[in-house]
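The following pair of complexes shares a single chain, chain A, combined with chain B in the former and chain C in the latter.
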Partner chain A sequence: MEAHGPHTDDDLVTMLTRTGERIPHPDFDRYAEDLDAATLRRMWHDMTVVRAFDNEATSLQRQGELGLWVQSLGQEAAQIGSGHALNGNDFVFPSYREHGVALTRGVDLPEILRIFRGLQHGAWDPEAHRFHLYTLVIGAHSLHATGYAMAMDRDGLVGTGDPARDGAVVCYFGDGATSQGDVSEAMVFAAVHDAPVVFFVQNNQFAISEPVTRQSRVPLAQRGAGFGIPSVRVDGNDVVACYAVTRWALERARSGGGPVLIEAFTYRMGAHTTSDDPTRYRTRADESYWAERDPIARLDTYLSSLGELGDDAREAVAAEVKELGRRTRETVRSWEVPAVGSMFEHVYAEPHATVDAERAWFERYERSFADQGVHA
Partner chain B sequence: MTQMTMAGAINRGLRAAMDRDEKVLLMGEDIGQLGGVFRVTDGLWKDFGPDRVMDTPLAESGIVGTAIGMAMRGYRPVIEIQFDGFIFPAYDQITTQLAKMHYRSQGRIQLPVVIRVPFAGGIGAVEHHSESPEALFAHTAGLRAISPATPQDAYDMIQQAIASPDPVLFFEPKARYWDKGEVDEGRVDAQLSAEDGASAGTAEMSRGRVARSGTDVTLVAYGPTVRLALQAAEVAGADGTSVEVVDLRSISPLDSATVVRSAKRTGRVVIVHEAPTAYGPGAELSARIAEEAFFHLHAPVLRVGGFHAPYPGSKLEHDYLPNLDRVLDAVDRVMTH
Partner chain C sequence: MPTIETFHMPDAGEGLTEADIVTWRVAPGDTVEVNQPLVEIETAKSLVELPCPFDGVVVRLLAQEGDTVEVGVAIAEFDVDPDGEAPADDAPVAQDAVAAEAVVEESAAPAPAPAPAAAPEAPAAPAPAASSPAASSPAQDGSGAVLVGYGVKAGSAQRRPRRDGALDPIGGADEASEYPVLAKPPVRKLARELGVDLTTVTPSGPGGLVTREDVEQAAQAMSARSLATYAGDDQPWLESGYSKDGGRSTRVPVRSVRKRTAEAMVKSAFTAPHVTVFHTADVTETMHLVARLKADREFQDVRVTPLLIVAKALLLAVRRHPEINASWDDEAQEIVYKHFVNLGIAASTPRGLLVPNIKDAHRLPLHELAAEIGELTALARENRTPPAALSGGTISITNVGPLGIDTGTPILNPGESAILAFGAIREQPWVHEGEIKVRWVTQLALSFDHRLVDGELGARVLADVGRVMSDPSQGLVWG
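== the complex of A and B ==
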């Protein structure tokens, strides 16, 4: 890949090299001490599962079963690594590509497709998973995350020293979002309130077609300094480093240390969405550069070199993703379109005369066909 | 009953809401030590402290966006937007997030956020300080938009808005801030202290009221133009025309039932608001009257309001705004049609 000015990968926190070699890091090793072989195998499993699901969803879109799909392909280490650093006290505000994080928060992956099949705009109970709904307006949720973190602080859920009580918020967004005013405002509010929020930027190099050089003259992590927010650049395709850095940031935030900005330097191996055509704006050379840095392959190599990834594990995950694929296809096709009248539900919590009048009119209109013996 | 100004009534209402529910907190620019540029939050910072009367960074989108996050954890933020024309940096948060979260979450997430907006003109201000953007918010499903015209309504409605589980835009007619009136503080407190208080309060703040009875013409107004409508009714009455005045109080929902009932009696309707008439609340109301009371009308529904031009320099605002002459002219036209 051409080094894009300041947007190079030479100052990243890396702990697992692209050839699958575990290298020490003076600051972050202690945040990765608990990553035993079983945990790393679990991460490898999650990354493999979410990639298989992602490919399944892409196929379903191609078959016309989904209106759109947003691929997470290539960003598995950033999402699974950071997701594994979270605990049940933490609350996550995702953007709309965080399927890997969703998996770590216990969201049943096929449920995400309700959104992309056009059934509803939000598909899970945010409180049950401590994982907010996807937000499609770029960067808008960074403020919600900050407000939520400010409220956790007020509620005495930060800095008590009790690990069973303390929590923090993680807000995921992309390189494009860093140009949004809301993201800057979120950092202003978070900084002056010392809010326990970790801004986790997945710099996947592109905002649809625009390279990150269209968004910033400096590495995105450097933005933090102007707000007084400590920041770190991490190899986003290194699941060990993503885990360690996020764990550090979360422990800091949970203990009352305030916000942190993490730039995870990664690559969107797929298209922006199934409606996008990356051949118009990037080269094969770029793609092969990043293919050599595949986040799953390097963990696979590392675990294999330790003798910790045997055929049994591979066979088990192969069977699991095959079953997940079957279940995903079946589930998606089994969903019934919601009743038309449901569009009037939950517009307000309390009755609203306009909604009530329009719903009543619409029901009369629908009934008029039945009265005439016409079947809609 | 206590006599107070509208600004004082809102201040007392905020204080009562904060006393009633510790989750209520105020957010805005200069609302702390200064008490707000209109002094509506005067004294609250001293009594409730900076954690509940929060001076925020100077960023309207940030204020609304963080309020959404706090509301997700059960807080009831009451935001002050310093002036009407400064609400637009927050327009995205209000319309794409605040308005839609309840729907997007299938009712799982309620956002009881109140956005107080000192609005409308008549105070000789500079650009962006005299606007009436209520139609933009009434046009967005998921938001409620209300506007009091009297100290009593201001006192009651601000508390009902805070108790409501829905997001509410609370438009305060800044030119009426210093008008005085009698306020009964006990009634709304009893209402909101009851078990179904939030529902009862939301329903009540959504209803219009007949501010003056009459038989020949219905004058419809809200917020800043109610006083003008009552003056016009007085003058027209002296000339032998009996004018009924409906104070809408709520722009979303629009209590068209009260207006239609009146229109069916009088057969003539004039709608008066400061917002531009083109695509304004009066256009919606006029359409509803045409749909529901067409055969009772003796004349077309007329609108008196601002023009499709940017709010002018203050030396021209009295010609931009509806005034007594323009309202009486419209009354004459519907009477002689």
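== the complex of A and C ==
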């Protein structure tokens, strides 16, 4: 890791160092006060579970069971930390890598794989989980998030001072999305309307193979100033800091303080997707530098040093992830191919003549094959 | 006794069709666990290690290191229940419920297609019950019982089988199909240029795509090559043909240009009553003019031939008798007189007879006319005549002279009212200025549609052509 330039891990908000040492922070300590050992253990549990699930899904793709898989490996602290700062009034707009956030929103992880097996566009009720469907179009959902936040404001769900009522929106996207026009437009609207939206950028340093150093002359957080949006650069591999900073931003947004831009500086330890081969564009030295900063390892060290992570907890989680792996494999293989017409069901809320005609045509087309149903 | 599961080559990237086996991490007989390294493969994108999908024992590996294997083809078999009980009979064990159903369905169909190549060289199976090669069972090829979904396109180059019967019109693969033939735009263009009907071409590309090679092959098969007089007995004489009557004849399906020629000729011959008039002319002055123009510096870049002069002569005759440049509109019960001349020139091409025409030939000075005729013949010879040149003709010339033929009674190009046959030009004894001289003489014949062209009009047109050919200076008077 180069020690100069705008995209380094210097000057980040860090509260849990890479060696597992809890260090004080003048601004954000008070937002981490409620993180007792049990809560931290829960975060460790969630990070471990989502990583195991991520690995299982990668294997399933390699075994031909999934068309594609997008790994979250290395980004667990950013996702679980920020996810734990959310409450039930908040609404999340994820991109397609937020498996950790999905876990904190109560989504049953194997369900995510319906998308990646090519069966469904989305597999959970966004309203029930307050977690929107994955958006695969880069950065497009930043506009949806801003619009949703503006609507919450107009519905009187922001700044009432009633914690049972006030909410905010978190929009997750990556460093690559910040190069998209949609994201800039979303920030313009969010800023001028004081929309209660937290833009949470997981800067994993690569837009597929394009390093962030070639996408921005300044740290991504610095862009917020141009829009008039306060911003923070946080250590994305530090679950404590990610939690504290997100909690601060959410409380500010829920109380009517407007948007915040959080840049969580992290590292995509895996490939962009299973179709990608990162050895072609990054060095082993880089990878080992970041392996030493593994987000789970540092929390593990910290909890162990407190005597709060015993063998029983480890064994329980090991058994849980083993069972989750088995359940994931069996669930995925058991899924029936949905009726071909089902993909037309949620295009419009109400019946639509064009969609009906297209559905009829497509069903006729599928019926013309002798092996119908197998390749849906 | 075993319960066999088969592992098929997955698509480890997005849309890959094949991968190379680099290293097997397991061997037959090994006990394996889910997700332990199984095999290293190399795809077009990267080197990938595939994790084992089953707990059990490796029965056999169906592909060797170094093999290139298509996505969806079986590469390994596992016994996932090595301690299980023997089944009642010795039949190969059905993979699972889906596979069993597939067997039932397939049995109602005619003989199953041969399976994709997979297993013939596999090491000997440990038990007879497992010896039936996975790939030979209809349950295991194609519709992949195990990997339902994205990764199981067995033989990605094959189309999904269509249902038999015409119950669903969409199912028909031929003309009635509302699905267009699959071919890339440059291939479509090539087919157009070569006169190949894409619906008649057997596709060889992935997913039923018609390739450039397919079109070229079809064009070659179409083109008539000389028939060997005593060729290999019972073999068909033409690539596009087949042999019948115990090899005593070759039958060639009527297609493309031949088909269109036949239709046009029948239509023309049986709708327009043809009359042909003849005229023998002394064209010595035309030959002198051709010689002079050939030497003319301005005409160095074009070919000057007697055909050029006869074309100009016909244009001059049309100018004097525009009623000849017309067509019969049967539907409207009207005669359509054209204010322009698109001059067709019959050409023998590798595809057969074509009559490309020169648009607005009446506006062209002699040099441009020569250039246009040159380009038209060159394109026809190279089989590159654009479709636009084949429609919209108003009057035509057929140049039979180069074949040594004196003249003929040509059939009209449909939609036109006259066609001029231009015969061979020979030195012949001819009465010239009261004496018998050796002169260049030719025969001209004009066929016309007697519905709208009376004999007198036809005769005048032909006489005018002859007049200009005999004395090109007449062109100055009429031009």
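The working rule: the second predicted complex is superposed on the first by the 341 of 376 C-alpha atoms of A that agree within 3 Å, B and C clash if a C-alpha of one lies under 4 Å from a C-alpha of the other, contacts with A are read in each partner's own complex, and residues count from 1 in each chain.
By definition in this document, contacts are C-beta pairs under 8 Å (C-beta built on N, C-alpha and C of every residue); 3 or more make two chains touch, one makes a residue touch a chain.
No experiment lies behind these values; they were computed from the predicted model shown.
Trainee: Report for A:Glu320: first if it touches chain B alone, second if chain C alone, otherwise both or neither.
Mentor: In the superposed model, A:Glu320 contacts neither chain B nor chain C.
Trainee: Could you say whether A:Asp300 touches chain B, chain C, both of them, or neither, answering first, second, both or neither?
Mentor: In the superposition, A:Asp300 touches no partner, neither chain B nor chain C.
Trainee: Under the stated touch criterion, which partner chain does A:Asp29 make contact with: chain B (first), chain C (second), both, or neither?
Mentor: neither
Trainee: Contact-wise, after the overlay, does A:Leu133 reach chain B, chain C, both or neither (first, second, both, neither)?
Mentor: first
Trainee: Given the touch rule stated above, what does A:Glu287 touch, chain B (first), chain C (second), both, or neither?
Mentor: neither
Trainee: Tell me the contact category for A:Leu66 with respect to chain B and chain C: first, second, both or neither.
Mentor: Touch partner of A:Leu66: chain C, not chain B.
Trainee: Touch test for A:Tyr148: chain B only (first), chain C only (second), both, or neither?
Mentor: The answer is first: A:Tyr148 touches chain B but not chain C.
Trainee: Identify the partner contact of A:Asp125: answer first if only chain B is touched, second if only chain C is, both if each is, neither if none is.
Mentor: After superposition on chain A, A:Asp125 lies in contact with chain B alone.
Trainee: Report, in rising order, the residues of chain A that make contact with chain B in one complex and with chain C in the other.
Mentor: Shared contact residues on chain A (touching chain B in one complex, chain C in the other): none at all.
Trainee: Quick check on the complex: what are the chain C residues that touch chain A?
Mentor: Of all residues in chain C, those touching chain A are 7-14, 34-35, 45-51, 53, 109, 142-144, 147-153, 160-164, 168, 170-171.
Trainee: Can you tell me which positions in chain B touch chain A when the two form their complex?
Mentor: 51, 56-57, 59, 61-62, 64-75, 89, 92-93, 96-97, 100, 102-110, 141-142, 144, 164-166, 198-199, 202-203, 206, 252-257
Trainee: Hey, which residues of chain A end up touching chain B in the complex?
Mentor: Within the complex, chain A touches chain B at residues 120-122, 125-127, 132-133, 135, 137, 140-152, 154-155, 181-182, 185-186, 188-189, 192, 345-355.
Trainee: In the complex formed with chain C, which residues of chain A make contact?
Mentor: Checking each residue of chain A against chain C gives 56, 59, 61-68, 117-119, 273-277, 279-280, 325, 329, 337, 364-365, 367-371, 374-375.
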